[in-house]
C-alpha cells in the first residue's frame, strides 16, 4: 500500500535571472524583465511529497509534523526573505530559475528522507507558473 | 487515448489518532495533540480520478454524474458528519490517519469502477496536508 | 487615510450543535446531522481585520507579526485540536454555531486591539459556509 | 535532471453535449441537461505542462513566456468566447466533452513542442470536474 | 450582535451581451467578443449573504441549510445549464451582464428572506471578474 | 441600483521595509527580516473595485475591459518586476508597506475613474496578509 503524503509551505524571496558571463544585451534578450538588475520577487509556494509504504504501527508514511519541521529548517530558514542571488550560496554559480530552485530544494531535503522513500518537489513561482522535480 | 477524469467532493468528520494497545504517554508522544481524547475534526476535501480510454460513443471516460453519485453513496453517506473512530466500522481496528482514510475510500470505490479503469484518490486533511493513493 | 489590514489563520476542532434543554427529537429537527452526539469537525479558516489610520512612522496600521502572534495566543492556542463543546469554557452554555464562534473570537481579540481601531472577524466553517462579525 | 514546467491559462466558451446521429430522447438520457439545445457554458481553466532536461545555458526546461504565447495562439485565440459546437472546426464531428477538448488542445500544442519534451494537458471544466491527457 | 452569514453556490450558463435595438457594428464596438452571436459561457460562482441578529434559541442568523435550498430553488434551478438570453424570462428585455444577473438573483431571493434581514449577492463571472449588489 | 464591479490583477516586485532616518538597529527592531538590505519580494495580488449605478444603455457600471487596461497602464506597467524602493518614484520617501502600496495604487487610479463612482483597492502581499483602502 504505497501512499504519497504532501505538505505545503511557502517563502518570499527576491531574485534576478541573468548570467554574469553574458553581456547585458544577451541577458535582456533571454530573460527579459526578469533580468532587472535591481531584482524583483515572488511568494514561492512549495509542495513537498514523500511516498512509501504506510507504517503499520502509526498509520503514517511519514509524520507530517516531522516533514513540516524539516521543510522549515532546510528550506524556509535558508530562503525566506532572502535575495537568492546574493545571499543563498546554492545560487552563487546557478541561475535562480524556478527549475533550478526546485532542484536545489530537492537536494537539500533528500539526505533527510529515508532511502526507501520517494521525494517530489512542486514549486509555484506565481499562481500561474510552477515546476515539478522528482530526482 | 488514455485520459484521467477527476471529480472533487468533500465531507466533514471528527477523529482522533491513537492506538488502544499503547498507553497514553506513548500515544501522546507519537500523535501529539491529534490524540486529544475528546476528538478534533476536519473538512476533508477529496479528489477521485478514473483513468481509461475515451468511449467513442459518448466522448466520456466515465460519466462524471455517475462518479459524483458513486462518491456520495460510498463515501459521503458513510463518513460525512461522523466520528470516524466511533461510528465508521472501517476504522474499528484502524487508526484514522489521512493515509488510512485514503486507502479505505479507495477500497470502497474500487469494486464499483470498471476493471479496465485506473482509480486514484487524493485526500486533503487540511489545505496544507494531503495524501494520494492509487492502489 | 483609513486602511484595513487582514491576516488569515486556521484551526481544526470538533463540535456538535445542540441544546441540552431540548430533547433529542427537537435537536435533530433543528440541527440535523450537525447534532451527531459523537461530534463531527471542521478546518476553520479565520480572517481577522484591523482598521485604522496608517502610522506615519512605520507605515503600518498594525504590525501583522503582532496580529499573527495575538491570533495564535488568543484563538489558536484556545481552540485548535479541541472539542469546542467539552473543552472550551466559552461554549459551556453557548451552542458552537459558526455565528457564536465568530462572536467568541471577536470578544477574545477585542481587548488586545487599540481602542481607536476597528475589528472584524470572518470565520469559514467550510469553504462554502462562512460568517462575518464586526462587533 | 528532468523537470516539468507548468503554465495556467483560461478561456470561456459555450457548448452542448450531443450526437447528431442519436435522437433527442437518447441524447437526453446520456447527456442530461448538458444536451440543452440552446447551449450552456464554462470558464475552462487549463494547465499545460512540458517536461524535459533543464537547459544548462538558461536554467529553463522551456521559457514560460514562450509557452504562454503558444497557448494564446493555439488555444485561447481558437476557443475563447466561442461556441465550440458551431464555431470550432475541431468539433465538427466530435462531441465537445471535457475529455475530447483536452485531446484537441494537446493535438494543437504537440507540433510546437520540441520532440524530446513530454506534454501534458489538464483541463478544468468546472472547479469540481477536470481531466488530464498526456498523449 | 449583528452577524452576516454567507453561502457559496454555482451554476453554468451560456450568454451573449448585446442590445437588439443596436446594429451589429455598435454591439461589437461596445461588447466586443462578448457579442458573439453563437454565445459563450461561464461557470458563475455565487456568494449569498444574509445579515441580522443571532437567534438566541438556535445560535443561527439563518439556517444555512435553508439558505442552500433557497438558492437551489430560486437561482440554480432557474439558471443552471441554461442560455440566459433565450431561456430565462428575466433577461427577455435585459442584457445579461454580470451586473444585471446579480440584480436579478437578488430580486429572486429578496421575497424569501425575512424583512429585518439584509441581503447581499456577490457573483463571479470569471475568477478575475465579479460584482456585488446589496439592494 | 448601486453595484460594485471588481477586477483581479497581479504584479511581482522586490521591496525592503526600512527608514533611512533610523539606524540599522531600530530598523531591525521594527521591521525584522523585512528589513533585509538585499531585498525580498512578493507576488502581489490586486482587486480593484468600482461602485456606482448600472448604465441603462450597456448594463455596465464600468466596462471591465477598460478597467483591466487601466490597471495595466497605471499599476502593472509601473510596478511589475520592479524594485519598489529603488525604481518606483512614489516610494522615494515612502516606506513600501502593503498599506502604503495600496494607497499609492488608489491614488494612481482615482483620477481615471468617474467622479461619481467609488473606488476600492484590496492588495494581497501574501495569501495570508492583505490590506483594503477606499480613500
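Every chain is named by a letter (A, B, C, D, E and F) in the order it is written, and numbering of its residues begins at 1.
The working rule: a contact is a pair of C-beta atoms (placed from the backbone, for glycine too) under 8 Å apart; a residue touches a chain by one contact, two chains touch by 3 or more.
Keep in mind that this is a model prediction, so the values were computed, not measured.
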Pair joined by more contacting C-beta pairs (A-F or A-B): A-F
Inter-chain centre distance, subunit C versus subunit D - centres from mean C-alpha coordinates, in Å: 41
Centre-to-centre distance between subunit E and subunit B (centres being mean Cα positions), rounded to whole Å: 34
Intercentroid distance (Cα basis), subunit E paired with subunit C, Å: 29
Shared-contact residues (touching 2 or more other chains) in subunit D: 127
Inter-chain touch pairs (all): A-B, A-D, A-F, B-C, B-D, C-E, C-F, D-E, E-F
Contact footprint of subunit C on subunit E as seen in their complex: 1-9, 49, 51, 54, 57-61, 63-65
Contacting residues of subunit B [partner subunit C, same complex]: 10, 12-15, 33-34, 36, 38-43, 45, 80-83, 86-87, 126-127
Residue ranges of subunit C touching subunit E (in the complex, touch as defined): 17, 19, 30-32, 94-100, 102-103, 127-134
